[in-house]
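Heads up: the structure comes next, in structure tokens.
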Amino acid sequence: MHLQIFATGGTLDKVYYDALSDYRIGEPMATDILEEGRVDFTFTVASLIKKDSLELTDADRALVRARVEACPHRHIVVTHGTDTMTETAAALAGIAGKVIVFTGAMQPARFRNSDAAFNLGLAVGAVQSLPEGIYIAMSGRIFEADHVRKNREAGRFESTTDAPNQENP
Amino acid sequence: MHLQIFATGGTLDKVYYDALSDYRIGEPMATDILEEGRVDFTFTVASLIKKDSLELTDADRALVRARVEACPHRHIVVTHGTDTMTETAAALAGIAGKVIVFTGAMQPARFRNSDAAFNLGLAVGAVQSLPEGIYIAMSGRIFEADHVRKNREAGRFESTTDAPNQENP
Amino acid sequence: MHLQIFATGGTLDKVYYDALSDYRIGEPMATDILEEGRVDFTFTVASLIKKDSLELTDADRALVRARVEACPHRHIVVTHGTDTMTETAAALAGIAGKVIVFTGAMQPARFRNSDAAFNLGLAVGAVQSLPEGIYIAMSGRIFEADHVRKNREAGRFESTTDAPNQENP
Amino acid sequence: MHLQIFATGGTLDKVYYDALSDYRIGEPMATDILEEGRVDFTFTVASLIKKDSLELTDADRALVRARVEACPHRHIVVTHGTDTMTETAAALAGIAGKVIVFTGAMQPARFRNSDAAFNLGLAVGAVQSLPEGIYIAMSGRIFEADHVRKNREAGRFESTTDAPNQENP
């Protein structure tokens, strides 16, 4: 497996610039996390966009789609802000022959306590185990991309198809 | 999905006891890592053994097998020292109806730079994506448990079936 | 020694609120840092203000002065944003009988890589070693509060009295 | 101020070698901590010994003394294991014209939660604030080296001159 990572910004990559007293999107943290995870496969990380996902435009999503379609590799992880992750995933609908997994973080990877490393591991575990398709790896779960939403108040991703009163969750 | 975690010790759970100037196996770190990963599924963590995996006995492995067989849940992750992870996995051979994923760490989870959170994410991504069977999630990869070995010198897990001279790895 | 800490906000205490995709001032991190530092003296932490230091008003500074004057303890550390730390220190001029040390951080204490714990240690080392007065502990150095400025471009504090060409710095 | 650091080993510098399933003394962490602390003074770090402090010999202590005496700088911090820190400090008795501060850690600096950065900050704050002499900076306090002992059971350093029943500690 060769893993292609496309970084599009979001909380996962946020850094703090003291000179501006501001947080911005920094360089992709995926490289650091994969090295710390001591992965034994080849990978490339391409930084496509550095934005909060609420600021992503149709043009940004067209760029992501074009780069994913042009990618010669089967295994793709997209790091993305959580607020519009499902929208960008929807913009990739119909791309065949690839396993595409989106992930991100609720807390910046540079924090001492962050979900970033766990989430990227989750995505890497899923991308090599699943058939072709588009998935979202968040909240410790793997969702099909068209059956998941972010519950902003609860701070988690949840299935849109889970029966609310099911007996055996 | 309800996830059952069985902790058996190993580097992942090592702590440093200053009073003894020594490292020992502490309480399972899986709980902390899953909480930091903000997982949205129920899980239980049972601490079965607290040993370096080189010290595990046949009786220890029989205990792990008995607990896995008796577990009512389909999804099981076993945290384990890396040196004999494949031996304990072999001791579970033939257990049907479950997805069992072993993982561990090369550096203690309590370190600032550790593969522990990434590896547990990897295992959680795999356990819910794969058919029943026994797997090892290390080095960023998911291996079938009977086709993998630890390369101690290189500090990684590698497949025993990868063709050494293959053209397109 | 009993140590009184007054927290006034600043980068040191910044947290990331995913629900708002925003950074705000959180609860004082001084308590966590002192516990992690395993200090063996009694201390109290009072959170006076939660602001970026650029937003502090004259009323805020009057509050800090009033609380410091009313404090029965000799040893006081003020955690503060770095941009106007020297202004608040100047607002305390003339308070006698106390050792008052300001400190803060360039990176939030919640980051994996932060100057926060080191800086608070620096302040605690200084507050118990120096005669009464008002000091700033930043950039690894202890400055008298009326002879220091923040060099925002360089991201450090520097003395206003160091001779620029001195032979033996 | 130019700061000379002499590293002699101890918990502060411990690393975990997975290939040996063992902890050893690694390269001095003081450099990393001072850089993370964004210090604005020049410093040099010399690694003299890499041992648990219980293993230090008279010859080791003679080496530390020789190097401290030969050091042209006034400000010296010695990082040292905690168990025999006071013995090595005693071996430096009578060295004049220098401020010498010992510090160390109860938990390795490479841990996510460690007293190492705080303690080194404490030592750096003390070394530039105190008159010449030999001091120990641990447990958040600055002790004169000949009036302190490690209380191994309690995991802290304590003064040998504090009155045990004093009313106002």
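Letters are used for the chains, namely A, B, C and D, taken in the order the chains are written, and counting of residues starts over at 1 for each.
We take it that contacts are C-beta pairs under 8 Å (C-beta built on N, C-alpha and C of every residue); 3 or more make two chains touch, one makes a residue touch a chain.
Since the model is a prediction, treat every value here as computed from it, not as a measurement.
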item: Between chain D and chain A, distance of the C-alpha-averaged centres to the nearest whole Å; value: 44
item: Chain A and chain C: spacing of chain centres that average the CA atoms, whole Å; value: 38
item: Euclidean distance of C-alpha centroids - chain C vs chain D, Å; value: 24
item: Residues of chain A touching at least two other chains; value: 106, 112-113, 155
item: Arrangement of touching chains [line / ring / star / complete / other]; value: ring
item: Which pairs of chains touch, using the document's own definition; value: A-B, A-C, B-D, C-D
item: Interface residues, chain B side, partner chain A - complex; value: 1-2, 33-34, 36-42, 106, 112-115, 117-126, 128-130, 137, 139-142, 155-158, 169
item: Chain C-facing residues of chain A, complex; value: 11, 14, 16, 18-19, 21, 23, 52, 54, 81-83, 106-108, 110-113, 152-153, 155
